[in-house]
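One chain, subunit A, appears in both complexes that follow, with subunit B as partner in the first and subunit C in the second.
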Partner chain A sequence: MTRNKYTARLQLYSMCIPAFILFGTFVFYPLLRGVRISFTDWNGFSQHYSFIGLDNYRKLIIDPNIRTAFINTLIYGIGSTIVQNVWGLLYALLFNRKFAGRNLVRAAVYLPVLISGLIMGYIWYFLLQYSGGALNDLLTVFGVGPIDWLAEHRRAVGLILFITSLQFVGQSMVIYLAGLQTISKSYYEAAELDGARRWSRFIHITLPLLSPAIITNVTLKLIGGLQLFDLIVALTNGGPGFSTHSFSTLINYLYFVNQNAGYSSTLGLVLFLFIMAITISVNKVLYKREVEY
Partner chain B sequence: MKRKPKLKLIWTLIGLALALLHLMPLYIAVTVAFKKTTDLSSRWQFPSYLYWDHFKDAIATGHLLRAFGNSLILTVATATLLVLVGSVTAYPLARIKTRLSRSLMNVILGVMMIPTLSIIVPLYSMMQQFQAINTYWGIILVLTTFNLPLCIFLYANFINTIPKELDEAAKVDGCGSYRLFYQIILPQLKPVTAAVIILKGLKVWNDYEFPLYFMQKPQNQTITLAISHFFSDTSSYFGSASAAALMAVVPVVIIFLALQKNFISGLSEGAVK
Partner chain C sequence: MNKKKWFPLFVLLLLTFTTIVSACSNHSTQSESDNSSNAGTEQSSPSSSPTDSPAKELVKLNFSTNASGGTLDAYQVIVDQFNKDNPEINVEMSALGKDFNTLMTAKMANNDLPDLFSTAGWSVRRFGEYLLPLNDRSWAMQVNEQIKPTVTDGNGNLVVLPLDIDISGVVYNPEILKQLNLKAPETWDQFLTACETIKKAGYTPISVAGKDSGDIAGLMSRLSLSLLVQSNPSYKDDFDKDSFDWTHFASVTDFVSNLKKKGYLNVDVLTADKPTVYAELAKGKVAFAFQSNQTIAEVKKLNPDALISMMPLPVSDANTQPFLISGERDSVGIWKESKHPKEALIFLDYLAKSENVQKVAESYSLQAGLKGVQTNLGALQETFDQYSQAVVSNHFDRQYLPNGMFTTLGTVGSGLLSGTMDSKQVEATMKDDYDRLKKAGN
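== the complex of A and B ==
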């Protein structure tokens, strides 16, 4: 009997084999290979390269472009997590009310989520273009001079954050809406009997009971925001200068344009460790606060 | 408590204003695509005519139909593999509750967090050695691998809700694990499979990073690559570029409107439980 059980379990586990062959081949092996490449000055195609020890890592610390990309990645990652969660929750609360055209509005807010960030970035170019751009057209009506929207780096970073949030806030909204449906009305009725005000009902009932939705949304947005790539490529391609690069776009640039595969690989490893650290620590904090009633 | 109808109208108006804000970029893309290149009126203004030449031009010069075909192949093949491998992997991980299975699950969730670009250099050089660049099988396997963790997670969450008694009964009848999975579990996975296909199909259709590296030959171009070439090469012909972008979006929007309910539940499936 025990032997039977043992073979049954082995048979069950064997069903995981295809997946782990895939992970081993396309994730774990490249990850190790990346560590090796990070100690070289490989250019990405040549047969010849030499080991340069920790040079890439030393260079990384003092490289000002890496510092900018690091700060931008934080802004895109943490920024879009906060903005889209607050915004999405507000939408969910707003569109959870009954009003005429509610489903239409929800669908319209969700629709841009379906579009590739790359395409959305290119479309926004029609709005941000200096001459003939839709936003500057609007400004001239109000007598304000045209603005070169993406020329100043802080504004460009802010716009990237805004555009990605405007596009993907529908995703957070839908998850929060689903979360709101799981909260039983009886909690609110009881609270109302106790004379709890609207704000305190939100803080003490809605928010804690939404914690599974919050965890999902925060994790999704962190992963998405910290990896932001296609929208930046379409909108600024990292410019002006290097000022709007994220880690992802900079890795692409160093590899594709600069042909500095060793250095690019080093940056990749740092990005990997960085995202792991942030996601794990944020999740630890969030899971601690999860409640069950 | 009854609300006055007046208040409800206010919510409708606010809702519609916000809806317009989110649809505005698409609206601008539509006006650009339908205007003649010589028409210099504001992009806010909808043309009094519909000019279709940009669309014809986009199809002819951008090889959009070929790109559509390529994206479709990648999407269908990857989604199929994701359903097969995802469900098979999730079953043991959901059913066995030991330290080993839990750590395997954690490894899978860890893979989900790995940014594509962070291992692109070694991955690309490895694919070169395999001679997998510009092949369908190469990019399909890569796309499958990187999208697999979330699928396994969704399937495992769903299988957790299927009562174990069914398995036990089948085992008593002498049913092996593989047969049990195919005959008892698999037929019950339809709702989560719909979610996986919708979520991941969309992801693969819109993917840019992997095709950028692994599908460089013009005849292998996917829809996102074709559009990025449109915008970077012929930057003076905004009309055609915009038309191309709209054509990539339209099929997705049509599918969304047709399957709206599954879409929304697909997205939030397993998210709030």
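== the complex of A and C ==
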């Protein structure tokens, strides 16, 4: 390698140093500290703690609350990804057509994305609460007794899934709208000339060409859904019991409420590996299906 | 190599490094730099004499509190007045509200606490190791005997200034009881009979804000105190020796399950929040709530005419007296590693002035933590007079459990009421957390 090429390459690598420093300080270092804490019985604030080997990892396997949180995390993650993608795509297809007030409708669908999850949760709590909740007041008018919507854990998990999907469907819609607008009309014209029906055009042209948008949406929604936190805190706070906790809310509970920072770090590490494994696998599958015409 | 090309890179690296270093530097450095910048302002003030002696630097003190509502307002008035009276010291109050425990946990982990902070009921067991002993203060002898043991550590050090004493029992609506010809129950049998009558009359016997696990914990803690240790004094020794057999906890879990089974709890026991319970109490629809007297103040805010009071906690044995629970509520201590202990003590002494103690204690109609300070207890004056001779016990969790188990009580209570935990699981969880937190605290 000539001296010039060597210095040019060195210069290029050195450009990465600021990024590495920041990444190392704010991601790698805390991650390594987290791994270390996961082998201790630290309560989260004391200056003293002891190493307990793999005890936290053993407990993780048999803890029924972890099992509940794991199932819920999958429901929030995979469930909301499916719902938001299907719903968002339908909205995008609908609002890609020209009609009066189109921009207003698009804005209305997107608007909840701008609200924090915590606020969204409180708004819905006031709608759903048993005593004085708007939904129950409405039901009472029709002679139906009030329902404690969030008291039954399956219904509560379903409602959390619905509300988070409703809140973020606008984001999916915008990404799909952007994707739809990059598809050249000439493909549809050619297909129409060949006699392709609407459904065929959607399956063979729209969907394959939306692959980049699908990959982006699925990745974003998966990560967001698997990390769902604020909405749960505002709506149910993980209850009744532990029944609506996700991994994220349980990590927070274990660390700051239950004073079990070691165990909380163990769970955090598992969540990190879990999200990484799912995201990489899904991306691999989806990238294989990406097409270009 | 072209020097021009390397220069921007060097600047970029320097900026990144500076950002990281300044972001990671500790609070006290920041505080000191603020102090020096503020010192300039102080020099120009009329009270200082820049020519005769070196200007005094403005000392900035951080004071973090969990206080809210009227208590926070009272603190603010005191802090503002102090800052006015002491131009060389500036107390900055941070109201951490619901995030108090989370933020203080992080600060303790980092061993970087505010100069002064509220201890939220945990002066000795949680914050004790971080607090400056205050035995030498002039007001130390004035500390009320009822609260003194709670705020004194194992070495006999007074660790906080207790501004008030939280004496509570069961919040109740005397009007409902009067209407139904019932007396304030003194035993649990009388209590259950009263609940049945109240339920039949169309009222809610007991209301619990189950969305907030702290409220369920309050119920469990009060029941544990009465059904476990008051009914079986030998259990006190068992707790002291860490040999308590957790299968005895079944008396508490059975009692709670029974309340739910018989329909004595509000229908939305698992999802109601505190404002909902306050509103129901204000409307006169609820007979009992196992909450502190703060509830009375909140209910009075919603409906000043609401008839609401406090009664002692019932007992199992008719030959035993019902009792009240006492504990610390608003207490302030000084971080032992504060950079400005002298100034922090000046502020704490100021806070200990009779009129200031009175302000804080009266904000929620509580008794003062210092002897000789009279407080107006408002509507509760009559109740306190009535029960002035009642037996007083410390909170169950603060007296017999390691720090951190209040939330465990809430979790198992919520699990029990939702049916996601049975009696055995509750006992196992209590035992596990007791052993773990006891070990962590030692």
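The definition used in the following text is that the second predicted complex is superposed on the first by the 292 of 293 C-alpha atoms of A that agree within 3 Å, B and C clash if a C-alpha of one lies under 4 Å from a C-alpha of the other, contacts with A are read in each partner's own complex, and residues count from 1 in each chain.
One rule holds in what follows: contacts are C-beta pairs under 8 Å (C-beta built on N, C-alpha and C of every residue); 3 or more make two chains touch, one makes a residue touch a chain.
Bear in mind that the values here come from a model prediction, so they are computed numbers and not experimental data.
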| item | value |
| --- | --- |
| Subunit B versus subunit C, judged by how many residues of subunit A each one touches | B |
| Partner chain in contact with A:G44 - subunit B first, subunit C second, else both or neither | both |
| Subunit B versus subunit C as contact partner of A:V257, first or second or both or neither | second |
| Contacts of A:D230 with subunit B and subunit C, given as first, second, both or neither | first |
| First (subunit B), second (subunit C), both or neither touched by A:D148 | second |
| Touched partner set for A:F247, first subunit B, second subunit C, both or neither | first |
| Touched partner set for A:I203, first subunit B, second subunit C, both or neither | neither |
| Touching partner for A:V86 - first (subunit B), second (subunit C), both, neither | neither |
| Partner chain in contact with A:G239 - subunit B first, subunit C second, else both or neither | second |
| Which of subunit B and subunit C A:R9 touches, first, second, both or neither | first |
| Subunit B/subunit C common contact set on subunit A | 11, 15, 18, 22, 25, 44, 125, 132, 255, 261 |
| Residues on subunit A engaged by subunit C in the complex (per definition of touch) | 7, 11, 14-15, 17-18, 21-22, 25, 41-47, 49, 125, 129-132, 146, 148-151, 153, 236-237, 239-243, 255-261 |
| Residue numbers on subunit A that touch subunit B, as the complex places them | 8-9, 11-13, 15-16, 18-20, 22-23, 25-27, 29-31, 33-34, 36-37, 44, 91, 94-95, 97-102, 104-105, 107-112, 114-120, 122-127, 132-134, 137-138, 166, 170-171, 174-175, 177-179, 182, 212-213, 216, 223, 226-227, 229-230, 233-234, 247-248, 251-252, 255, 261, 264-265, 268-269, 271-272, 275-276, 279 |
| Subunit C to subunit A touching residues, read off their complex | 1, 5-6, 9, 12-13, 16-17, 20, 24, 101-102, 104-106, 108-109, 111, 129, 210-213, 267-268, 270-273, 276, 279-280, 403-404, 407-408, 411, 414-415, 417-418, 420-421, 433, 436-437, 439-441 |
| Touch list for subunit B against partner subunit A, complex | 8-9, 11-12, 14-16, 18-26, 28-29, 32, 40, 42-44, 85-86, 88-89, 91-93, 95-96, 100-101, 104, 107-108, 110-126, 141-142, 144-146, 148, 152, 171, 176-178, 181, 202, 205-209, 212, 224, 227-228, 231, 238, 241-242, 245, 248-249, 252-253, 256-257, 260, 263-265, 267-268, 271-273 |
